[in-house]
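Here it is: the structure, laid out below.
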Amino acid sequence: MAEMWINMGPQHPMTHGLWNLRVKIDGETIVAAEPEVGYLHRGIEKICEARTYPQIIPIADRLCYGSSLTWSHLYCLTIEDLMDVEVPERAEYIRVMAIEMQRIASHLMWLAAYAGDLGLAVGFTYTMRDREVLVDLLQALTGSRLTYNYPRIGGVAHDLPPDFERDTIRAVQYMEMRLKEYEDLFDGSKIFMMRNVGIGILRKEDGINLGVTGPSLRASGVDYDLRKDMPYSVYPEMDFEVATHEDGDCYARYRVRMDEMWESCRIIRQALQKMPKGRWRIVAPRNAPAGTGLGRVEDPRGEAVMYAVGDGTDRPYRLKIRSPIFVTVSAAPKILVGYKLADVVAIMGGLDMCIGENDR
Amino acid sequence: MDARQRPKPTGIVLKPMRRTGKQLARTLILGKPNTVLYPEEKLDLPQIYRGKHVLDFKKCIGCGNCVLVCPNDCMWLEKVEDPELGKIERPGVDLGRCLFCGFCAEVCPTVALHMTTEFELADRDRDNLRLGPLDIRDDSFGETFIEERQKRLVPVLDLSKCTDCEMCAGECPEMCIAMMPIENTDRKKPEMNLAKCLSHGKCAEACPEKALTMTEVYESYFDMSEPDLVLEKCSGCGACARKCPSEAIYMLEMPGTEKTLKGGKKGKPKKRAVFVLEKCVGCGRCHKACRFDAIDMPGVRK
Amino acid sequence: MNLFEFCHGIIHWLVDLVNNLWYWLGDFLPWYFGDLFTAIGDFAASEGHLLFMTVLVESVVIIVVALINVLNFLWIFRKLSGRILDFYGPYYVGYRIGGWLQNLADGVKLFTKEIITPTKADRLGFLLAPVIFVGSSVTILAVIPLSANFGLSTTSEPGEYVSAGALFALAAFSIAPFAILLAGWSSNNKYTLIGGMRSAAQMMSYEIPLLLAAASVFLLAGSFNFVDIVDAQHDMWFFIPLFIGFVVFLICLIAEVEIIPFDLPEAEAELVEGWTTEYGGMRFGLFYMTTAVRSYAGGALATAFFLGGWQGPWFVPDEIWFLIKAYIVYTVFMWLTWSVPRVRIDQMLVFGWRRLLPLAVLNLLIAAALKSGGWL
């Protein structure tokens, strides 16, 4: 068979969003790949310039459907840096707990999509079912299921609802039980290992040079986690380990995310234990001073950065968003070439695509 | 984890089959699946859930803060005739554009606007999604709703009764009341630093004219912009005071500005607007009502 | 009473009834019409015509029973997948019988849809592919007997069926790759083309171990006839001595009916719907149904070859025993299907040629040793 281009996208089961991966195949082997993004461009950075500071929080939620809470949290961090607002300590603990729950939910959604891609339907339904537990908790906390609109500039919107600690501890116990089941379901399956081990190897140097961050980089053996290396919020007081893996293949990326879920369970328990009493919100100023603010967080998908410029009014002059997935998808051709067509789903699924934040 | 320590999958496919077999036994023989059969059964939603809006007409003062804060411009104020309340203005909401962020309920100074757990809002006609104030009216909803925002007892000033006696300033144990002279008038008004107020209520007890009353006020987390009077431009027409939903604007006479009429008689003195900022909700309606641009309000469009 | 006698009796009764009417009608007519009427009536009552009509009715009965079983298979497929995946499966349509009518409802819905042919498709191939696929698959059902009394035969002797029925079933089973390749190629779509290519490679490489495993059964039974094969298992079902062959046969069947560990031709994630991507409406419905037909045929073959066919305790009729065993085979297929991900094409071919083929040959050697040693 001669070489031919295949469009995987924009409407394709593999893409999980609206983007296009063009691969050139020789028989079943990939010889070139070309990601095309931008189908979901909504101009969020420009929309933000016409909104007041609190009004941007729900828009920041819309950046990523998988982990909307981390993005609104990042936005609030940025604007707090810009306005020089001190957040009450209880709010910081609530935020850390909520974004770790969001991290587990996001990783579970990734696992569901990944299992669905590989053809393991039970993996899809079981993970989505267990994600529901965390989504229900976040719903009780924030009042919504997907776009939470929960962090505020200077705190969080609501205090913990009654019985929330008890429910959270139960949910964490349930999750730890379930994670063992997933390890049986995925690691214990010979066919899953056949599809993952040694596929899509990203070497350490390549990962650093291409700017890949997050679990994909940690799977290549680089110990780089903003929660440890450049701590924000109350992460310095949390006791957890950064999950890394040496191999850099699809299995390593899977393993790193699974280990991160275990660590997130630990962080949630600690945050609940150490949470002080007190206020959860202060009144933030309406206008930001002229100046700049920068926020960097460890998103479930990598390092997310927001940079805000204020000009003394109640609207930002400029808001720049750095999406981790935009960089990761740019690195995809390097990982893809040389593998089989069926490995495209394993590799691209393993990178955890989210097009909302990618196209902004 | 080292590559050599990778777990060996034992039994090729037997481990996952054991898990799915357990699940099969659980759903087929012992119990029922996890699915919620939606139209027949429904999930319990927390009270905090953000669904359809509900407005308490009696609590609402028609300030329009919800309209101001809405990110999608999906709310508007509408004039309604009510047999009890007379001619009033109340907000309506376009659910077709609403993004259910809940800012409108959060910013409401009198906690008149709530969001219910009703989420089945689909309709075949887009016009039916535009809910006017009467469609979202439910005066009894607030009783069933436990408001999370904290209430505070703070003294609220009625400037028309105030006689500048300075009793309140003397009584306050936290020293948070100061009598400030009002420019161009011979009056003074007690300025309260509400951040320091501990709700002792001594000022209200001391007030001989009952101009200060202790009122329950909901805490607001939104820093709304405040009106600022440009005294040279104010004509004293009183349009702002009539428009103010929280009655925070008083028209005071400025002695010494009387015009000499024909025949040597002196006319009435000019008036000026005085803001009692503790009562102000920051809605900007005075700014919109003023035809002389005498009220500055940053961030509010006319 | 077996199926032939039953159908023959019905036809005989019908012909008698009609002929009485016919001759009575002929009495009123002039002599030349009367003679014609008598000739037609005599032909209808002749033995050849009766036999022909009997076989026709027999095949209709067999096809109807088989298709009802196929509907059962589809229902098991959907219900069991639902329960393994933790949801209800079909529920509302046919609420009292567990959602059994859902497949009929889906069929009616698919019938109402427009049949679309892509502009650049090869029209003849596009039309022929489903015909060959469905036709060859449904043909298998004709030769699979449910018991010694329930099958397509031309005599009233029990168990006198098509003499090489098993061979015919396997032959009809392996026509499908041709149709799939035709469908994939004529759709003029890259996904379908790759799907068709994969399907051809997969089916051809798994055909050989399948046939070798079946050959060991034929060797032990000494016949290609279903009845002889099942009778040979009277003392011991073949899956005990030929356990390796049984496993190889099941794995190859999974590959032949294209369910999940080996559903590469319609790998949903990378090739949108594989070789059925361009087919819509009832053509897709026929493909969907035919997959279940092939599952049913596969389960029936495994039952007849290895699981003792219709043999079982007396308190359940033979036909029901056969179906129960076929259902159990299919249930195990489903259980495996939902527990594992899909393999890659090169891994699959390696597995087929390097693992299954030697095992099948080994199994054939065991069968030959058993036969020549006279142990069975």
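Think of it as A, B and C in the order they're written, each chain with its own count starting at 1.
By our rule, a contact is a pair of C-beta atoms (placed from the backbone, for glycine too) under 8 Å apart; a residue touches a chain by one contact, two chains touch by 3 or more.
Everything quoted here is computed from the prediction, not taken from an experiment.
Distances from each chain's CA mean to the overall CA mean are smallest for chain A.
Counting C-beta pairs in contact, the chain pair with the highest total is A-B.
Ranked by separation of Cα centres from chain B, the top chain is C.
Separating the centre of chain B from that of chain C, both taken as means of CA atoms, is a distance of 71 Å.
In terms of their C-alpha centroids, the spacing between chain A and chain C amounts to 48 Å. Inter-chain centre distance (chain A to chain B, centres taken as mean C-alpha positions): 34 Å. Annotation for chain B: residues 13, 16, 19-20, 23, 34 touch two or more other chains. Counting partners per residue, chain C has 84, 86-87, 261, 338-340 as the residues that reach two or more other chains. Touching of two or more other chains is recorded for residues 122, 126, 129, 185, 189, 191-192 of chain A. Only residues 13, 16-17, 19-21, 23-24, 27-28, 32-35, 37 of chain B touch chain C when the two sit together in their complex. Residues of chain C touching chain A in their complex: 81, 84-87, 190-191, 194, 197, 260-261, 263-264, 267-270, 272, 338-347. Those residues of chain A whose C-beta lies close enough to touch chain B in the complex are 51-52, 54-55, 57-59, 122, 126, 129, 139-144, 147, 149, 152, 154-155, 157-159, 161, 181, 184-193, 197, 245-247, 251, 255, 281-287, 313-314. Within the complex formed with chain C, the residues of chain A that make contact are 1, 4, 6, 8, 12-14, 28, 115-126, 129, 185, 189, 191-192, 194-195, 340-345, 349. Those residues of chain C that touch chain B in the complex are listed here as 80, 82-84, 86-88, 91, 261, 335-336, 338-340.
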